[in-house]
Amino acid sequence: MSRKLARISVIAALLALVMVAIVPVSSQDMGEVVPPIIVHSVTQAERPIEYETTRLVVENMRELGLEVEHRAIPWAQLIDEIWYSRVEGEGRAERPFQMTHWRMVGRPERSDPDEFTYNLFHSSVRDGGYNFVGYNNPQYDALAEAQRVEVADKEARLDLICEAQQVIRNDMVNAYFIHPLTPQVVNTAVFNPDSIVSQAGIGVHNFWTWIGIEPTTDDKTLITSTTSFLNSFNPLEIAGDAPSRVTEMTWDRLMRINPIGVAEPWAAESVVWEDPLNVVVTLRAGMTWHDGEAVQSDDAAYSFEAALAGTTQTDEEGNEEFRPEAPDYHPFARNVANIEIIDDLSLRFTLKTPSAAFETSSLAKLNLIPKHIWEPIINDLLTQDDADVDSIQEEIPIGSGPFKYVAFDVNEFVFLEAFDDHWARPKIDTWIMNVLPNQEATLGQIQSGEMNFLWEWPGDPGVLQNIVAENEHLDLFSAISIGFNYFAFNVRYAPFDDVTFRQAVAHAIPQQFIIDNIFNGLAAPADSFVSAALEYWRQCDDLPTYDYSIEGARALLESAGYSWDDDGRLQYP
Amino acid sequence: MQQDAMAREGQSGKPTARFRQGSAIRQLWETNLEVFQRDKMALFGLLIFAVFALVAILAPQIAPNDPLNPLKNNNGDWIKDAMPYWLAEPGEDEAEGYTNTFLLGTTNIGRDIYSQLIHGSRSALLVGFSAAAAVAVIGTVIGLLAGYYGGWVDTILMRAADVAFGIPFIPFIIVISAFFDPSIWNVVIAMALLLWRDTGRVIRSQVLVIKEQAFVSAARVSGASDLRIIFVYIAPSILPLSFLYGSFAIAWAILTEASVSFLGFSDPETISWGYMLQDAFNSLALSREAFYWIVPPGLCIMLTVMAGFFIGRGYEEVLFPRLRRM
Amino acid sequence: MNRGVVYYILGRFLQSVMVLWIIVTLLFLLFRLAPSNPLASYIDINFTKQQEAALLARFGLDKPLGEQYLIYLLNLLKLDLGETFSYSGKSVMDILRADLPNTIYLTLSSLLLAYAVGVLGGIAMAALRGSAIERIGTTFTLMTRAAPQFWVGMLLLTFFAFQLKLLPSSGIAPAVVRYRWETEWDKLLSPVFWRHMILPTFTLALYLHGLPLLLMRSNMLEVLDQDYVTMSRLAGYSEWRVMIQTAARNAMLPVLTALTLGIGYSIGGNVVIEHVFSWPGLGRTLVRAVQQADYPLAQGAFFFIALIIVFMNFIADILYSLLDPRVGASAQAQVS
Amino acid sequence: MTILSIRDLSVNYATQDGTVQAVDGVSLDLEEGQRLGLIGESGCGKTTLLKAIVQVLPRNGRIAGGKILFKGMDLLQLPAAEMRQLRWREIATIPQASMDSLNPVQRVGSQLTKLLRVRGGYSKKAALKRAADLFDLVGLDTERLTHYPHEFSGGMKQRAVIAMALALEPSLLIADEPVTALDVIVQHQILEVLRELEQELNLTVMLITHDISVVAQVCDSVSVMYAGRIVEQAAAEPFFSSPAHPYSLGLQQAFPNLARPRDVLVSIEGYPPDLREPPSGCRFAERCPFVQEACHDIDPKLEAIGDGRAAACLRSNEMDVLRVQSEDPSLWQRVEVAQGLSLAEDGQPPPKSPPIAMKGDLDAPLPATISAETPPSPSQWGEVDDAPLLELQNVSKRFKIGGGLAGLLRGDKEQTVYAVNNISFSLKRGESLGLAGESGCGKSTTGKLLVKLIDASDGEIIFDGADLAGMDDDSLLTFRSRVQLMFQNPFEALNPRFTLYRSLTEPLIIHGWKDENKRLDRVIETLDRVNLRPAEVFLDKYPHQLSGGQLQRVVLARALVLHPDFLVADEPVSMLDVSVRAGILNTTRRLARELGLATVYISHDLSLLQYTCDRIAIMYLGEIVEIGPSDQVINNPQHPYTKALIAAVPVPDPTIENPPLRIQEGIPRPTEQFIGCPFAQRCPDAMEACLTVRPPQITDENEHTAQCHLYGEHRDSPKLERQLP
């Protein structure tokens, strides 16, 4: 419907143009009118907040004399029209996307700026990777690579990170608007509020809370819920937000990101860097898998080998192509050149290139998997050329984490029990996550006590505040997230290939208004891809600001030679 | 001698002006009139439609606010979750920096529910009537063809109907809506593709009956062509049936559109009652106990749908008088 | 049971199979026409063209359409609906196997309730025709039929679940209970399950009872002035016998055929109801699968829903042919 | 002793437009063992009377006054429960159209046993036994107990209903039209059953019917009802020999009588008065040929007129004279007067049809040829030549039912029906042929073939030299204009949505009459021909505004409006009241004569065909078993089947005893081809040859042909042993 309207108006616009052209009495020198712009977002049904925000911004952009259509489509379709439609011609949609609402969720491993710094903007990941906006800036690439290898000197790395942020902010590649304060509601009648840990940039729904939270009643059961499917529980797959919550509890890791966002030894007793390329890891003694087998260094080694495993194939054009069996984790192990087993408990990793992020994004990222279970599976997969680990789902997965699987139904729930033999046995006995897409139901349950820990809330935060206000047994926790919501421009094409234009649009985003009215204050203004939550990495001199001001935006455009025709439509210089 | 006189009298002036042709259309018109004269409920239904139609046409004039743009208070902030003025505690609005004039309050992001309700009538009627038209026309044509020609035409069409009966209706629409851009027209298309089945079958069986009636054979004996028989003799008798199913189709269309929008497969740019409910549901109006938001759209849907039912039943009573027992 | 009936049932069966086949074919084509990319849910940072190609191959999406169709049919015969896009290592059947029973329980229970109430109510309405009760009754029924189910569901939900906290608001049981269920039986024997079933069933039944009730009413009115009813009056049977034994039995028959429609709408209704009460059934799965562009899953759910409908229709037909001796006698056509 | 005595009973129906006095002050007595026939045309209130007696009046009916005394107790005072107990224990009723009186979804046997157990308090075993006995009693096979109604033929259903009625040994049996809509033979057999039962069980019977010949067969006394009143009461003999009321007179004159055929039947034109406001005077005055001024004012009471008879007529004393006059049919003849004539533009009520004017009309000269301005119609009426207009040679029609994909899916197995089987005959201009036979004998199919509503499977039908098979559109259109069909049911034969004018002009429009005025002239002329005058009054009417008789005339008019030269009339009067039947027949006959129209009458009623046709053909299972001049066929039947048919026709005269009917019941379904004679199975004189050899066609000097072995070379083949009813 709206699309039709747009088309019609386009035609109308063109006709009008022709008229103007014919009528000699035309206005001053006339550039070409900026063609209609489509701004994408998910549907209101899926994520009301994102939809409303986008709507608002579109309204404002129209103030700039732009023809703007707000195209709200289901996530699955959005993926198509954005992720798979970056470049003219290759897209699955009719044309490449122009501008879209997008969001990066906070994950513990993202506590190190590396992932965002590199993956979001490095030109090497323009075609397939996260740099879907198509930013291509050699100077920036240099920065991104540099911060990666700057292992020794944290200060120096900070400078690099800051500079990177400056560049991106100036170029206005992405218009950041907020870091959500992910709101969580805990039933403090059954849990001791002091035992709840808040992890920087993640919130209270984190590993430390899960193992540390103290039940105040005899029923030592934590019940939470998710709105998304629990697609799979697979130590070699990053299935999604909710499942990764579960996997990080059931599979231990050599290191873990601690509440202040720094990687610290966990399953590893010690992590010792012999030099920038070699690190020796020693496992804790006496750890066992959920099936009773002992956890040993060859398991640890295999956890990385599995991630590295893969077959090399040649496609029809004849160029070589390496296909990892665990595509999700392969990148995090890619940098490992060699693994040497020293004894039952200790092993040495040798890296290809020095990497500052190795601890955070590798040692603290890869799950430890039992070799005796996975070796056969991987070997079998290596023989098939059209299947990878994504096609594997154990009946009852075996890990070595503080929680172990009892039962799960991908569509419905997962039921975990504390693993008694774990050296850091949780204080709760049972951990249950229900799939509960229906927010009304979620609210109903958290109030009735059917659920006692609400950690995911796509809906209107205001409601949570009301609920908490009404029920004194509920407390609201919120922490500024590593993740952020922003508008991504496809900088490959006009008009978004012009920095000034992008900056003007940035000016048209009423940041504070959105926070106040749409997020009910449960969000912090964002000006960079590095969240304020990561205090260390934000110790930079101020980044340029883009205050909300339509006039400012228009002025900016005018200064850059843009003009408006008689009907107030924006024209290129 | 006597009848000669009459014959002459017959020629004088415009004889036909004096003798009604009893044309099919006029008959139809009379049947329709009869429906609404005989059945007060049907008349009531018609009234409801009339009112909503009026509202729909004048929506922009009637609606106090834009249905999509959130209302702002003096500080330029959205007026969220405002109660209807007849429910809200007085003075609250001044405190918030606006004057509460909202008959049904505002949504959680400050849209005027009442205005949405009014604009909702548009898509409801649009979907309702276009779908009904599509269903009735397709069903009638298919029914006529299948019934009159019989044989393989009949077989094919009726098997098609069986298939249509086997396809789950709402799921089908969901899939359609997901595949094409969300729009109320998906509902219309899907209904046109599926719902002709009921109409088609009934009309077919009706045609089978009429076709066997003596006056049809009489027409054939006096040399009437197939087309003439279909259109002059059979069609007029079954058209009321099409109306009957048409009016039921209106009801179904509106209901279905509501369900589909409720599931979030509708175009958020076009306000419909179903969309409002979806909005309310997703914005947790239930927990807010914002009944002023939940109840009105539902009632409107119910009312229009019932209007369809009433009219449909009105036709039933006239077409199948045996039901006329009260 | 005369030969006619046997023929009839046989024919009906053939027909159902054919219908199913056509539906399946349409389904196949429909999902091949899907605009958005089947692999959307496979989005991944470090995906390469080759990997996509591999994935396409994995789901057999690279083969020519005709070949795909044949494979599809063959697999269908083995009830193999392929892999889902969004659950790794899960086949569509795995998912649906869990959903199917839930949907069936909901459908059957609500249908039974609806038709029991509907038929009895219809008889009552016919008996009370012209009375105020009848007018009120029928109007109420019309209202329940006209009100959007999900809306009614929402209201009931707020009232019984959120306000009174009498009944659970969603799902089929809390996980604490459910993880102990080994078999369907455990589920069926668990009172918790039935408590969860009350609201959705009631909502659905409330909507469904209209069709049989109104139909039964008009059929009764029609049957009541048939000669054989007059006859049994003349024969001096009590009004009750006349109503129930003679009239109702005959009036029932068309209602049975209406069951066909009933099921259609009920399953359609399920989608919405299951959504409101987050009832883990085919409907809910379908909706979410479509949203996630998990086409094999959506296709599978759709297929099963259609399967249920066609099957139920078949049952309805057989029931009819057993209850009405005239069916199958159509072979003895009259000539004059 | 008196079992039932009704004292001035009145019953009203409340309708949207006023109260209808369906029964108005009726009194009658029924002695034990008496068999009363209650005669009257439809809408005269006889069925209402029945419903009143057993008190199953529809909701809108109520008893306005009077008493119904049954064995002394007043049924109207009886509480509902007791009344219910009375039904079928004491008063058994056989409802009208008992075809549909059996519950379709229950086995006939169990319906019967249920009745016995619930109402009769029989034990299960006793009930079964009794049921079997009852079936024997009414001559039904006991194994049929397990069958469903749809597996019964009409006659069987009727027998079953009778069995149920008698199950509880009632003392009074009221049968409402027990044999209407049954084939003559079945009809005859049912009447047989009734008669026997009366003797055996010494039943008191009240038989309600419109068919005086049925009464003549079964009853010993008669009551004639007209417009909610009883106008005559008498014992059977005197009633038939010397009716005492003009209406009774009319009825008798109107009835064709095989035994004593008359050359003109009378028709009581017009229709009963509107019972919402009945006339102040005699209710029959409107239609009475002997009407006097007084009749319109004075309402005659039912008064005794000696020897236990009573009549309600002012002139009952002059009856003997009137009876003689009434023999003259022209006395009864009159112009059809439109209902609510006030609609006519002059606004004058119609003349109360003065007899003189009417006599004039009967032989009013009609325009010999059509006025010049009308386009030359393909035929010129009046001319007569001896070349056969229509010729059938070995025509057959087969239907396939079931089968095919659809059939398979519907579950029908394919079958072939030999509806018409290799028949041949020819017809001259102006000649009329009657097709007779039981239902299912293929006569209607033949009719359809003749007008090319369907095409023959084999053989050829030649009309005026042209073969019906290979006709291009033009010649077909011409054919359509020359051949017309007249339908059985006048209420269906006209498009309910068209005014009569529209219905009548349709054919003209189709055949390219552009000029509105010419069409109007033609229509009016035709309406005149069929005695609907003044035509203008009818033009604006819709079918539902006319009486059956008038409608049938309109149907006839439509058939004639194109000036055809061949007319097929399918059961033209079977749906009409006896009183008006003759009117239609007379008109048709007259027109046929005047216009040199060739006619084929299709009817199950031989007496009617004898009355209207030059020749009669008897059909059985799609074959013509006998054909010849009417008088020959009727008075000297050759084929056993013909004999049976004739024997079965009831005669409206108690003095004449029907010959015994020696034939088995039940027509086999025409789905098999017979090697021998199709009739062999039922034939009383069947011989071995009949089963194996096709019977020859024997024709005598006056073109009287029979298809039977009795007269062929196999005449001596040994008779089959078989016992007959």
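Per-chain residue numbering starts at 1, and chain names A, B, C and D are given in the order in which the chains are listed.
Just so we're on the same page, contacts are C-beta pairs under 8 Å (C-beta built on N, C-alpha and C of every residue); 3 or more make two chains touch, one makes a residue touch a chain.
Everything numeric in this text was worked out from a predicted model, so none of it was measured.
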Most distant chain from chain C by Cα centroid: D
Which pair, C-D or A-B, has more C-beta contacts? C-D
Chain centre separation (chain C, chain D; CA means) in Å: 52
Could you give the separation in Å between the centres of chain B and chain D, each centre being the mean of its C-alpha atoms? 48
On a C-alpha centroid basis, what's the spacing between chain A and chain D, in Å? 90
Spell out, as numbers or ranges, the residues of chain D touching 2 or more other chains. 409
Which residues does chain A have that touch at least 2 chains other than itself? 46, 74, 440, 444
Touching two or more other chains, which residues of chain C qualify? 15, 35-36, 157, 162, 225, 275-276, 290-291, 293
So with touch defined the way it is at the top, what topology do the chains form here? Options are line, ring, star, complete, other. other
Chain B partner, complex, touching residues on chain C are 15, 18-20, 22-23, 26, 30-31, 33-36, 129-130, 134, 142-143, 145-152, 154-155, 157-158, 162, 218, 221-222, 225, 260-261, 264-265, 267-269, 271-272, 275-276, 283, 286-287, 290-291, 293, 298, 301-302, 305-306, 309-310, 313
Please give the residue numbers of chain D that touch chain C in the complex, ascending. 54, 56, 58, 84-89, 93, 95-106, 115, 118-119, 148, 150-151, 161, 164, 399, 401-402, 408-413, 415, 417, 419, 439-440, 442, 444-445, 669-670
Would you mind writing out the residues of chain B in touch with chain C in their complex? 159, 162-163, 165-172, 174-175, 178-180, 198, 251, 255, 258-259, 262-265, 274, 277, 281, 286-287, 289, 294-295, 297-298, 301-303, 305-306, 309-310, 316, 320, 322-323, 325-326
So in the complex, which bits of chain B are touching chain A? 68-70, 76-78, 80-81, 108-110, 178, 181-185, 263-265, 267-270, 278-279, 281-284, 286-288
Chain A - residues contacting chain B, complex: 1-3, 43-46, 48, 51-52, 55, 59, 70, 72-74, 439-440, 443-444, 459-460, 462-463, 466-467, 513, 516-518
